[in-house]
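Below is a structure I'd like to ask you about.
Going by the order they are written in, the chains are A, B, C, D, E and F; count residues from 1 in each one.
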Amino acid sequence: MTDMDIYIEKANTLVEALPYIKQFRKKVVVIKYGGSFMDDQGIKHSMMDDIALMKLVGIRPILVHGGGKDISNMLKRLEMQSSFIDGLRVTDKETVGIAEMVLCGKINKEIVQLLENRGINAVGISGKDSALLKVHKKEYKDKDLGFVGEVDKVNVKFLQDLIKNDYIPVIAPIGCDHKRETYNINADHVACAVAKAVNAEKLIYLTDTDGVYMDPKDPNSIIRRLNISGVEELIRQGIISGGMIPKVENAVDAIRSGVRSTHILDGTIEHSLLLELFTAAGCGTMIKED
Amino acid sequence: MTDMDIYIEKANTLVEALPYIKQFRKKVVVIKYGGSFMDDQGIKHSMMDDIALMKLVGIRPILVHGGGKDISNMLKRLEMQSSFIDGLRVTDKETVGIAEMVLCGKINKEIVQLLENRGINAVGISGKDSALLKVHKKEYKDKDLGFVGEVDKVNVKFLQDLIKNDYIPVIAPIGCDHKRETYNINADHVACAVAKAVNAEKLIYLTDTDGVYMDPKDPNSIIRRLNISGVEELIRQGIISGGMIPKVENAVDAIRSGVRSTHILDGTIEHSLLLELFTAAGCGTMIKED
Amino acid sequence: MTDMDIYIEKANTLVEALPYIKQFRKKVVVIKYGGSFMDDQGIKHSMMDDIALMKLVGIRPILVHGGGKDISNMLKRLEMQSSFIDGLRVTDKETVGIAEMVLCGKINKEIVQLLENRGINAVGISGKDSALLKVHKKEYKDKDLGFVGEVDKVNVKFLQDLIKNDYIPVIAPIGCDHKRETYNINADHVACAVAKAVNAEKLIYLTDTDGVYMDPKDPNSIIRRLNISGVEELIRQGIISGGMIPKVENAVDAIRSGVRSTHILDGTIEHSLLLELFTAAGCGTMIKED
Amino acid sequence: MTDMDIYIEKANTLVEALPYIKQFRKKVVVIKYGGSFMDDQGIKHSMMDDIALMKLVGIRPILVHGGGKDISNMLKRLEMQSSFIDGLRVTDKETVGIAEMVLCGKINKEIVQLLENRGINAVGISGKDSALLKVHKKEYKDKDLGFVGEVDKVNVKFLQDLIKNDYIPVIAPIGCDHKRETYNINADHVACAVAKAVNAEKLIYLTDTDGVYMDPKDPNSIIRRLNISGVEELIRQGIISGGMIPKVENAVDAIRSGVRSTHILDGTIEHSLLLELFTAAGCGTMIKED
Amino acid sequence: MTDMDIYIEKANTLVEALPYIKQFRKKVVVIKYGGSFMDDQGIKHSMMDDIALMKLVGIRPILVHGGGKDISNMLKRLEMQSSFIDGLRVTDKETVGIAEMVLCGKINKEIVQLLENRGINAVGISGKDSALLKVHKKEYKDKDLGFVGEVDKVNVKFLQDLIKNDYIPVIAPIGCDHKRETYNINADHVACAVAKAVNAEKLIYLTDTDGVYMDPKDPNSIIRRLNISGVEELIRQGIISGGMIPKVENAVDAIRSGVRSTHILDGTIEHSLLLELFTAAGCGTMIKED
Amino acid sequence: MTDMDIYIEKANTLVEALPYIKQFRKKVVVIKYGGSFMDDQGIKHSMMDDIALMKLVGIRPILVHGGGKDISNMLKRLEMQSSFIDGLRVTDKETVGIAEMVLCGKINKEIVQLLENRGINAVGISGKDSALLKVHKKEYKDKDLGFVGEVDKVNVKFLQDLIKNDYIPVIAPIGCDHKRETYNINADHVACAVAKAVNAEKLIYLTDTDGVYMDPKDPNSIIRRLNISGVEELIRQGIISGGMIPKVENAVDAIRSGVRSTHILDGTIEHSLLLELFTAAGCGTMIKED
């Protein structure tokens, strides 16, 4: 390409991006950040760059993070044994205490520091701070999975107070119930509940896979856009299956409550967040109402 | 290029542009718009697109326009003959009346309409509205060039009232002196005076040529960046000459009064404004203090 | 009269005027200014004095002006011939271009300058600025009168932004339709549309005649006050006729839309505006709802 | 005079008055109201009309009233005998109690009611309310005149709180000293202290005589305008003498502290207040700095 | 008690009081102050201390005072004879003038001064100031009791303007009717009307007796809390009788109009106001809706 | 005590407390909370009651907490061995990671929850959130104690944003240096740095001992009040010694920087906070400038 061709390319990208920058200004975007790539230093830094840039052009991100391997590592070091039901770990009182400590005292503060290093003000909180997340015990058949919670209520005013003063809330998925017990919560579910509560413009799941595929083995079969009935049809056909089901169910739940769009992006692709936000084609799979 | 290469290109352009979008938000950029390309419909529309986009992402443009061939055409139709001094047209009272009528009643309103068509609110004014421009008669040796003025004072409050209410001021280069006589003013000079008065971030001259060249015949010899002493040196060497001299003198004058940078861009290149504002390399010649 | 008598006269005039000054503070008064007296320098200056005084005591005037002889003069100089239908000039594309140029580039700026000379900030605009007037083509039987428009919509926010920042809007009767064509509009009709849109306190027509007379030949037969049914009755009886009919129809239209009163004043009487506004007897003919 | 002559007269009076109405808007004017005319019902009502009109056009009056004959009448009814020094009544503790009761409980409330009857909100206060006036005992040679005070400090915030909420303060000349004793104060002196404290535009003394005369017997010898050195000269020459001396001394004191002008008007002439405020010639004697 | 016991006592009192201090912040409490104790210097000072403390912690008191013996004393000194109907004094025009003078010019200003001595800003007003109280003549069978009024309307804005600027209004029970006549009003009734108009949190009657007793001779039989039907029952049974009846009727009237609680306290007990406001047990008799 | 005696006691305690409640409204009080009593459930709850009450009456508390035994317990469970210099533990990188996890993920969130249980909004943060605490490595002779920091800079805006929105900041003593390393910080020192930065009214150290004693064995020898030179004198005499020295040095440092008073209170006495704040005698030892 000649210099002039490069100019034209750049100009076209800008002409394409500028309306989105305008459109998303002051809009809240909730990002679920978690998965295997949390341990990849390169990905982690590029992702924090993207979030810093979003903030810089006036978007208002809220981060919800998961736990990754740090919790299991700590349980192993402390030689705490877990019991399992249907392959699901039972979270007893001591385990939830360790999970809280690792989520709030290690992972959460590390993310905060990565953003602060980029000159962006972030505040690391859990569902306990200003009673952000009120939960109840999650039912699982008639078994007892222990202190695993589901969100009843989000303290929206607290998030707004942080946002309007230009802080990025970074949320660890821990909450209390009405008996003041501490619960661990699925981070995808927290992100969905927060997005609904703040009436977010977008809810973005950064995962290990780039959206929904017609044929998982064929990378060209990615589905760029789905509506609610499309999601239901694909589940019925078995094309959406396994761990992707709760993700798209959260997506549909969020959209039904007023979130404008939900996105499932491959967190391992550099700058996938920027491409999704600022190009016409976007990136990954977008789910909208219709 | 593969799809992935295009993604990477786009992502890089965005990563490059976003800090500029942040940096120029709510900053005032004064644009002198005039020259032979005013009659090229394609250029005119692409330029208005760029100005609309600037506005959309939060920049505050002020336009100053010249007259082009419309004034001479009207004088010819009315069979008004002009006298000349040193090849410069003498602007008598009747001529300045015709110039005002064409500038304020035709060209100014046409630009306003082009911006309105893009959903951008513009207000077409001359130096008479709210006493925007107070002028005195320009001296030229000991000859009388008639009603040709130089700006003494700009009503900054008026421009700010328009800007803060989200209107783009579109300024025709006509003003009054203390004896309430009407004067024609050089549009480059008006743009410089306005940029100084509003303490603009940038003053951009959209001209028929893409900046300053070491060797006018060699398009690769363009000088991308100049400081004040560099300008003086190039004038001394005769590399800057002819009609470019008053342009760079206005540029230096503006910078000395606090404008952050002045730019001379080729108005005939599509989207040269966007490339200048939102890419690291910029476009044309930039003059800064040092 | 003795000195004391003069004192008493003055005191009485003040006692009479003060409540009106209070009552009209911050109220918007739309003034249609146009007619044969536009060429009388004395009248023009006394009228601008009155408008400046109105502004000084806190009234918020909006001026709408017509074109007078300047347009025909220019058409004649350019040797443009017009065709006519039922004696009405057909406004082709070139003619509306000349009309716009004269209205916006000559008459409008001249009025602005006269107000500025009195220390009052005025901004000269047409229906194109900030899309002030959206119009459609006026129907006339089944004939085509060309680019003659009727107002669909007034950009009230634009007028309010000017007014609240203490500028007097001076409006030239030019507007665009949805196909972005330029139209000439009857100034009486623009004044009526603007008065309705801003919910004016008063709409004042400064004309060549001092209101409505029972017997046009008898200057003592002026009708001081009319209500809507009175207007209809007088039209039925043929007492209101000719060019006065559209004026009173505009007046009735304005009142029905919430304007408090409409006035038809003789613009050739010095200070008729002041007498109307600040004396109990008023001046000319006032039309109110009942 | 013909009708047209009357129109012209009225228009001229308005043209003359309007700039003053503009000039005095939101300006504070302190009026000392007291003297023999306090018992004339006609004068009292015309004066209250004038004050109501001042308020109506945006001036901010503060009234200070004296006591007139009501105090002596009450002392007589209660058969309280006074002792005298150099012809001045000695104000013992019981006497000041009666004076306060009559000033605050009778005269003050009557003035308030007269203004309320005109639809103007007035609040009757004494120097005790919100500690408006802090005083010390007035020295008189080496004699003891009892509880007669001089003002040390005015609670400006209290007056401003009333004024900004659109109440006219009506002040009875009573105050306390640091030992919490109650004092009677000369009303001219209170008006002067208040005018200085609020930085009034004007201080107006409504008295029994129309200003300062070169020759008291010649009503045509009134002096319309005096500056500070003029006052001193006239006192030296004995032209200003007797009870007029403390009045002009208060006037000079006020002007030296920033009050723009002081006026001595004949309270017995109807509407003298209006003529002073809104005509070029004014009324009575005006004292300015130079 | 040991030092530690005293500490514990104090801490407990504080733990008890703090929530009330929070609860009553910025709430309006109307206090009727009047009765035989008005002449007891000790009581008077302790009561003013309490009101100052209330203000200090953010409560917004409004005082309404009665007249006590001062009015009768003054009538006696002036040798004014009163006629009586059914033992009730007839208030003729001269009598109401004396009552106004004593209430507004003596008692009102004395209370103001006592508060000012404690560093609290108070403003003494009557129903005439800013037309605070509009009244009509009170009916009494078919007899004429003279100028005795009942409140029709309270100027709430005036009270709010004083309160929001941190002044305590001190109200003398005088008002005007639509014919501009002056009336005396029962102070209990004024307090009730004011409490209703400002939507007070509490209406407190400081009287000579500590609330309502089942058996007036048994000080232990005080009724601490009553609801509306309880009041009606006790009146029916004759347990509430005599002068207490109009008090409790005012109380019930206030509560029905939205006042949260009414209290009848013994003004002769030191700090009864504080105990009522800041302890759980309270003091005197409280009447609430249910 | 009779009922009346109890009333009088209560009233006196209130009369004593009210001015303090007024005085400390909206004032910031920094409380260092830490010591052996952190493990006593009763004390912990009574202390949280006091802090909730402080907040309730308008005081603005900021809490800084230490770590207590939880950190050592966790190190022991993880079988991490520490090296020591002069008996001081060396904090290597792994140790500071565990300290951060326990402080931020366990203790901090537990305090937050205790306040939330009382209906008070608290936000648990460390020096990393919004870059609250910028530190440098603490020097200790020429030995390396590892990641032990001293505060350079406090992000005051962040604390004010929380406070003005009515949240209690609960601060864990962890911070970063310019190389983005994590440091543990002495909590007494953090409390002092925060108090200085926010210009606190009071800095309160809740410790295991009730202030400074002349003779530590004699509980009656407590020193109630000290000024700066008194502190220096007592250190010189060896009366203040050991672990009390850094505490009083922090106290003096805070006072020299504008904190109004510092207090050393026995955290084990119930409600010692309330007694200090709201009684004249106070509690513990107060250090003021003079």
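The definition used in the following text is that a residue touches a chain if its C-beta (ideal position, glycine included) is under 8 Å from a C-beta of that chain, and two chains touch if they have at least 3 such contacts.
Predicted, not measured: the structure shown is a model, and the values here were computed from it.
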| item | value |
| --- | --- |
| Set of chains whose contacts include both chain F and chain C | none |
| Contact-richer chain pair [A-B vs D-E] | D-E |
| Pair from A-B, B-C or D-E with over half of its contact pairs in common with E-F | A-B |
| Centre distance in Å when chain C and chain D are each reduced to the mean of their C-alpha atoms | 47 |
| Geometric centre distance via CA averages, chain F-chain A, whole Å | 37 |
| Distance between chain centroids, defined by C-alpha means - chain B, chain D (Å) | 61 |
| Ring of chains, enumerated from chain A in the sense that reaches chain F first | A, F, E, D, C, B |
| Residues on chain B engaged by chain C in the complex (per definition of touch) | 77-78, 97, 100-106, 108-109, 112-113, 116-117, 121-126, 128-131, 158, 161, 165, 167, 174, 176, 180, 182 |
| For the chain C and chain D complex, residues of the former touching the latter | 7-11, 13-19, 21-22, 25, 49, 53, 56-58, 270-271, 274-275, 278-279, 283 |
